[in-house]
Amino acid sequence: MFAAAMAGVLVTMALALVAAARGPSVFDRLLAINLFGTKTVLLIAVTGFLVGRPEWLDLALVYALINFVAMIALLKFVRFGSLGHDDLDAER
Amino acid sequence: MGRTLFSSLMLALTWLAWSGHFDARMLGFGGASVLVVLAITHRMERLSGMDHDPHVGPGILLYVPWLLWQIVKANVGMARILLAPRLLLSPQLLRVPTSQRSDTGRALYANSITLTPGTISLDLNNSSILVHALTLETAQALQDGEMDRRARRCEGRN
Amino acid sequence: MGAIDVLSWIALFGGAFFSILGAVGLLRMPDFWTRCHAAGVTDTLGAGLILLGLFFQAETALVAIKLAMILGFLLIAGPTAGHALYRAAHAHGVPFGPETEVLAANPATASPGSLEGEHGSD
Amino acid sequence: MAPIELLLFAFLIAVALLVARLRDLLAAALLLGIFSLLCAGLFVLNDAVDVAFTEAAVGAGVSTILLLGTLSLTRREEKSQPTRWAPLVVVFVTGGALALGILDMPAYGDPTAPIHQHLAPDYIAGTAAEFGIPNVVTAILTSYRGFDTLGETAVIVTAAIGILALLASGRRWKGGAP
């Protein structure tokens, strides 16, 4: 049962990889990478249940948090061309 | 004051749920963590001036189940589009008005739009949200404004 | 096999199905903006149903609470990150598909022409 | 367990080849985030949960951001260069030497390996009694090998300060230019 869900997650990851490789724009890749991150969270959670280690859910949550923060940082860079505040203020 | 108490209660409960240890020393670590988070949040609120936003009220308890049902319905619609041998798309770009009074209410509405597949929010200002819809039907469903009304009812009073 | 197990099977299979469906959509859709909708399918019902299936199998209340919190976080952070992405892409002028229609705003509440210049603003 | 690991390794190799082939450096930096997430997943499958934590935070989070910071100082496109074979030979020789070194190590999960005979039982028995902390790895890192960790932390802080100084000075220089 968990193996079926895991297979689904792995197939999704593979397809997301193809989408990330294909692009063509940076935003297409970011979309695929964001999807891949969510799937990693699910993969860890499902694997935890599969091998009888539900404590791994803690890890899954940390991954979700990191994925979110990394995504926002990436977008900030892509949008403003740097991580500094100078450009942000210029935008306003 | 009430909000500080509420946040510390929620933080403590969250900490307990994730730790699962209840001896005195670990509880002490947890209490210290809650205090640190509260201090940081307090400082952030002072810096960003977000302190007086009313956040959400009890109406959210009715809104979430309704939203989850909308998400399921929208997903089934998306499945129908994606499984068809030919993609029948009629992408729409539209601006929907918002009637929420607070930033939190507008964020809730915009997030709900993005959460239901078939519509995504691209940009928002004080009175409207720019939405991209995959088909004409999803765009029209949004223009009915039911989600807007329901999101408005979730806003808390302050 | 109890009723809970059956529910779990249904949820996990449904989750895997919607998850793959969204990824397939990611590859099938013609342009960036339509792909975003496909990604939404994976992030909402795909992730939601898989976590629900695990929820039915949780042996302790603590595990169940953690699963619910992960789902809650994904449902709040997902669209937030998504909106940041769409906003950045829009500001960058990622082109809309050729058949995209600009739907007239609700005439009672919006000023006419408020949608003009949406294409590739900034 | 093995099929999942094999699949993740296959993904890992695919991402690595893709990164090597891409000329768009921004896209390559983004894909390295996926590489880190995959590594972290593999660490989790091998029960190295704490290492996975670090890999996810540092690999997918911090180092991506540092790479982006670096990219903001340079250009987004890699210059195309003629293929050179010497680096490939160096990589293969180094990799071969490392693989030879691994052959000498005890098999993965071998209960008769020295680490499972001497240190590990001691740590496991001592942690709860001596520190009252539920996580054995935490006890090892912060108490049994406390000075080691202190040194590592000093190194990392120094590196972080150095990188931030480099990036910050570059930005000021860029901003000051007309």
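In order of appearance the chains are A, B, C and D, and numbering begins at 1 in each one.
Here is the rule we go by: contacts are C-beta pairs under 8 Å (C-beta built on N, C-alpha and C of every residue); 3 or more make two chains touch, one makes a residue touch a chain.
Keep in mind the model is a prediction, meaning the values are calculated, not measured.
Ranked by how close its C-alpha mean sits to the mean of all protein C-alpha atoms, the top chain is A.
Counted by C-beta pairs in contact, the busier of B-D and A-C is A-C.
Computed from the mean C-alpha positions, the centre of chain A lies at a distance of 20 Å from the centre of chain B.
Distance between chain B and chain D, defined via averaged C-alpha coordinates, is recorded as 35 Å. The distance from the centre of chain B to the centre of chain C, each centre being the mean of the chain's C-alpha atoms, comes to 13 Å.
Under the contact definition stated at the top, the residues of chain C that touch 2 or more other chains are 22, 24, 36, 66, 69, 78, 80, 82, 89, 91. Across the assembly, chain B contributes residues 18 that each touch 2 or more other chains. Counting partner chains per residue, chain D shows two or more touched chains at no residue at all.
Viewed as a network of touching protein chains, the structure reduces to one closed ring of chains, two contacts apiece. By the definition given earlier, chain contacts exist for A-C, A-D, B-C, B-D. Listing the residues of chain B that touch chain D in their complex gives 21, 23, 25-26. On chain A, the positions that touch chain C within their shared complex are 1-2, 4-5, 7-9, 11-12, 15-16, 18-19, 22, 25, 27-28, 30-32, 34-35, 38-39, 41-42, 45-46, 49, 54, 57-58, 60-61, 64-65, 67-68, 71-72, 75, 78-79. Those residues of chain C that touch chain A in the complex are listed here as 5, 8-9, 12-13, 15-17, 19-20, 22-24, 26-27, 32, 35-36, 39, 42-43, 46-47, 50-51, 53-54, 57-60, 63, 66-67, 69-70, 73-74, 77-78, 80-82, 84-85, 88-89, 91-92, 94. Residue ranges of chain B in contact with chain C, taken from their complex: 14, 17-18, 20, 71-72, 75, 78-79, 82-83, 87, 89-97, 110-112, 114-123, 128, 130, 132-134, 136, 139, 143, 145.
Only residues 6, 10, 13-14, 17, 20-21, 23, 26, 29-30, 33, 36-37, 40, 43-44, 47, 51, 56, 59, 62-63, 66-67, 69-70, 73-74, 77-78, 81-84, 86 of chain A touch chain D when the two sit together in their complex.
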